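So that you can tell them apart, the chains are marked A, B, C, D and E in the order they are listed, and the count of residues begins at 1 in each.
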Amino acid sequence: MSVVELITAALLAIGVFFYFAGTVGILRFPDVHSRLHALTKADNLGLMAIVIAAGLHFGDGWIAGKLALIWLLALFAAGMAAQLVARAALSPEHNA
Amino acid sequence: MSLAFDLALCILILGAAALAVFGRDLFGSIVFFIVYGVLIALAWITLGAVDVSLAEAAIGAGVTGVLLIGAWQGIRDGGGGEPEAPTPWPLHLAAGGAAAALCGVISFAVLSLPGHDGLAGEVPENQGALELGNPVTGVLLGFRAYDTLLETLVLTAALAAVWSLTPSQFWGGIPGPNHVKPPDGVLASFGRMLPPRGLIVAVYLVWAGADAPGGAFQAGTVLAAVWILIVLAGLRDEPRLSRLPLRALIILGPLVFLGVGLIGMLLGAPLSYPEGQAKPVILVIEYALTLSIAATLALLIAGPARRR
Amino acid sequence: MMEELFMLAALCVLLSVAGALYRAWRGPGRADRMMSAQLIGSGGGGVAVLIAAARREPAILDVALVLALLAAFAAIAFVKTITRDGAGDPEADTEDGR
Amino acid sequence: MEALTDRSVLYALTGAGLIALGFYGFIVRRALIHRLIAFNVIGSGIFLLFGGAAYFGGGVDPVPQALIITGIVVALALTAFAAALGVRLAQDGDEDDDSDDDAEGGP
Amino acid sequence: MSLLFALAAAPLGFMLASLILGRRAPHLIWIAAPVMLALAVLVALGASAGATGGPLGGWDAPLGIVLEADGLAAALILASAVTAAITGLFALARFGPAGRETTRRYTFWPLFYGLWAALNAVFISRDLFNLYVALELLSLCAVALAAFGSRKAAMHYLMVALAGSLAYLLGVVLIFASVGTLDIGLIAQRAGDARTPVLIGAALMSAGLLAKTALFPLHGWLPPAHGAAPPVVSALLSALVVKASFFILLRIWFEALPALAGPDMAQAFGVLGAGAVLYGSVLALRQQGLKALIAYSTVAQLGYLFFVFPLAGAGGAVTPWAAGAWGAMGFQLSAHMLAKAGLFLAAGIIIHALGSGTIRDMAGAGRALPVTVLAFGLCAISLMGLPPSGGFMAKYLMLIAALESGAWPYAAVIIAGGLLAAAYLFRPIARFMSGTDTPALQARVHWALPLAPLALGLCALTLGVLSAGPYELMVTGLPQAGEAGLDEVEPGP
């Protein structure tokens, strides 16, 4: 196993760990807003690790750009969605 | 490992579908339907059908989900729907029995399929004439272009059908609610940020579609999503449906497609492409279709006019 | 070897997303359900990236791109249901400074 | 268990399951949204079955892929119209409030 | 070949044009009607020498799509073109040009042309999946038009249509997966290799198509949807739309899978058809509304079509009369198109002029609206099967075929159906003629309007008078199975 492969494997492990951490948070945290934290932050870290691992694996600049775009889009979407859902969760109707 | 993944995916697909269809709460059902759409898109990836996966991700998970949300809202605000009269148990029993029988019969049919090569060999053999790298685009716009032509007109007809539900006092007006515009809110800034990127993705998809997975339908759907996002963020209002440029945009793609078919007819064979010029002609059709599909889908989701 | 590893990771991410969907099923609030649209966007995108790497097929990345783009789309549509007609600004009531 | 080692059969059978599930839902659920979801579940089940049946190791035969894309778009068109019809039905009911100007002209 | 493509492409072009023309779109029918009639006549002339057609874009089956018009298809294209053209001109009264655009004046036209295009596409296509797309276009336009009358009925119709198209699609998928082609001709050659999945697929397709054709007992959606719509729309739906799914059924069983259709299946279709004839007629007798009566009559008349399966198809029917049964079905299809459209249009004029839709209030309509009632009577003659109409030819040929092949229960149903039709149609006609005073008209009727149902009624009559030509056309290119019986056809090489 080469160094790059080792790093890739490590990144994959990190990514999966963050995804699992996010899931545990979503399942165990007591209220909507803390669950939201768990979801948006952990999952995007996980995605980042995975994206870097995939970029190393492909080893191609053009593909790395596309991967970066995917991660950025997901990041922006998560940030915005978290904001909006958090506010929506404050309205009484939504907790009905 | 791959098999374990496939198994897990199939079980999840069935579970998500069950929750979507049998959920008590309509809102939850729609959520699970979107989840289901994403899972189906993943299934198509593992089957190696990236073109279908793109279409399913864009249409099945994205647009249909948003469409259902809009319908749920409209039905709720109209005061209809939500409390569902319980269906009598004999119906459940009969339907369950019929469904089980159906499942058995179909599974039996699937397992007794003889197994053959289908048309997998024919496409690459003939693809050279179209100068396209992507066989699926070759089928859609070459070998079975007539299907695709009718399909785009199904979309156009669906738009006419949706418009036919406009209350008469609002005809030619603006669809959808009047979105409040918070100029510096999260939504607005996101709405400003996302469209250029969505535009890039859409252009890329239709450009790549000739030789790699992608194409007019996928790109048009992404463009439509961008359009709707701009409206939802309150940056721009929906256009007035009586506007001539809008209507011209809607018929542009089908008209170009139909026109190419008719020109081919005058030159000998309908829906054939001039020799050596197939690729540029197909690209022109694809670009025109992308624009029209985007407009049509966005207006389908917006629904009939609701304001003057 | 690496292919297997990527598929294993894909399986793990898939299962983790599935676990999180339990919350979307249980609720209790609509906000919990809305979150899952976001969740499936990032999770599904991750799985697609992993499969693309496992098969060395960059075309699959386009699916991840579309999923990431449209996850936001669904999330916004969900949040918009908060008011009648979906016309209102979900940020309006709780904002004090702007 | 041997059959399950074949990916194509697995997906085709999943498709069959989805069809049955959607069929049951289409009959027993009354709310329009549920029925439309069931309709789309059956539709994608049929496509999945199609994809599974047309899968040959390396990928799905391109002709079925094109047919499936066409089918997805057609299903979307029908869903959109059904949703619009359902909304109008819920909002204004069945009475014809808006044909006055048209009915003057003739039968 | 080019002609067939034009047959589908021209109305699609008119559909797009009507979307952009807006307020001026109704005038388009003045161009569309002659163009489409000319195309239909050309196709009929071409097909009378034998089936015409070819692959689209130079891509032959199994890869490409083949279009073909045999004699029956050409006859139906012509009959539907006449029906649609006259109905379209009639529609100018309600959806014609006006000072400003309104919802229905605008949306009627694209849906109308879309429906016409889809209908032609169904008649000429030889590809199962292409038929699916065409059928969906047809259903979509039809449901949207039905919603012009009652949205609730349209929703019911839509649900049936959705279920029907899913069943059809599943069948197409199974057949493609079994034999690797969608072309009807090639399926006939290859179906023997995989009987079980093909048969399951065909059964699913048939179930879906039966629901869309509204064959008893799946007819529940039809009367409310057809009865409540504006008369123009009812005419289109009742005369044209339900025929398309029946036509696909014919293609499947007589051309794609003749070797797989057993006599039991043919008899089952026949029994359901007989049920439709009797049940639809009895219910038509009990209707109070004029349009509801005509709608139930459609349920009954559709039943006759299914007699072609036992009479031209079932085992033991290897008689020269099988071709007669095939021709009878062709007459029934085209005569019902013309007569039913005429009945709905005439009923529309009467209801509009008198301001009431119940038969009881229509006393003396014959004196107030003589031409309209004459047209109603002419169409009714064809529907009852009285000579010398097209409907007479249909029922006469069918009766002969039934008696000759010893299927006397069908003969009895045909006679009973004719008597019942006479009874339920006589009721409104007697009412139109009753009393002595002329009722006051609630609304003015343009003098040209009654000419439309009159023309349709005359066409239905002419079909019977000049029956030799149409008969020759309908049995041109007759599928082998229609001649020799369904199970007599050996699977191809």
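Rule of thumb we're sticking to: contacts are C-beta pairs under 8 Å (C-beta built on N, C-alpha and C of every residue); 3 or more make two chains touch, one makes a residue touch a chain.
Note that the coordinates shown come from a computational prediction; the quantities given were computed from them, not determined experimentally.
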Joint neighbours of chain E and chain D, given as chain labels: B
Contact pairs, highest-scoring chain pair: B-D
By mean Cα position, the chain sitting nearest the middle: D
Inter-chain centre distance, chain A versus chain B - centres from mean C-alpha coordinates, in Å: 27
Inter-chain centre distance, chain B versus chain C - centres from mean C-alpha coordinates, in Å: 19
For chain A paired with chain E, centre-to-centre distance based on mean C-alpha positions, whole Å: 57
Between chain C and chain D, centroid-to-centroid distance (C-alpha), Å: 23
Chain A, residues touching no fewer than two other chains: 69, 73, 76, 80, 83-84
Residues within chain D bordering two or more other chains: 19, 32, 47, 49, 53-54, 63-64, 67, 70, 74, 77-78, 81, 85-86, 88-89, 98-99, 101
For chain C, residues that touch 2 or more chains besides their own: 30, 34, 37, 41, 65, 69, 72, 76, 78, 90-91
Pairs of chains in contact (touch as defined earlier), listed by label: A-B, A-C, B-C, B-D, B-E, D-E
Chain B contact footprint on chain D (complex, rising order): 3-5, 7-14, 16-25, 27-34, 36-38, 40-41, 44-45, 47-49, 51-56, 58-70, 72-74, 76-81, 83-92, 97-101
Of chain D, residues touching chain E in the complex: 19, 26, 32, 35, 39, 42-43, 46-47, 49-50, 53-54, 63-64, 67, 70-71, 74, 77-78, 81-82, 85-86, 88-89, 93-94, 96, 98-99, 101-103, 105-107
Touching residues on chain A, where the partner in the complex is chain C: 1, 5, 8-9, 12, 15-16, 19-20, 22-23, 26-27, 32, 35-36, 39-40, 43-44, 46-47, 50-51, 53-54, 57-58, 60, 63, 66-67, 69-70, 73-74, 76-78, 80-91, 93-96
Residue ranges of chain E touching chain D (in the complex, touch as defined): 63, 93-96, 98, 102-105, 129, 132-133, 136, 139-140, 143-144, 147-152, 154-155, 158-159, 162-163, 165-166, 169-170, 173, 176-177, 230-232, 345, 348-349, 351-353, 445-446, 449
Complex contacts: residues of chain B adjacent to chain C: 1-2, 4-5, 8-9, 12, 15-16, 19, 25, 27-28, 31-32, 34-35, 38-39, 41-42, 45-46, 50, 53-54, 57-58, 61-62, 65-66, 69-70, 72-73, 77, 177-182, 184-187, 190, 194, 197-198, 201, 204-205, 208, 212-214, 218, 222, 225, 228-229, 232-234
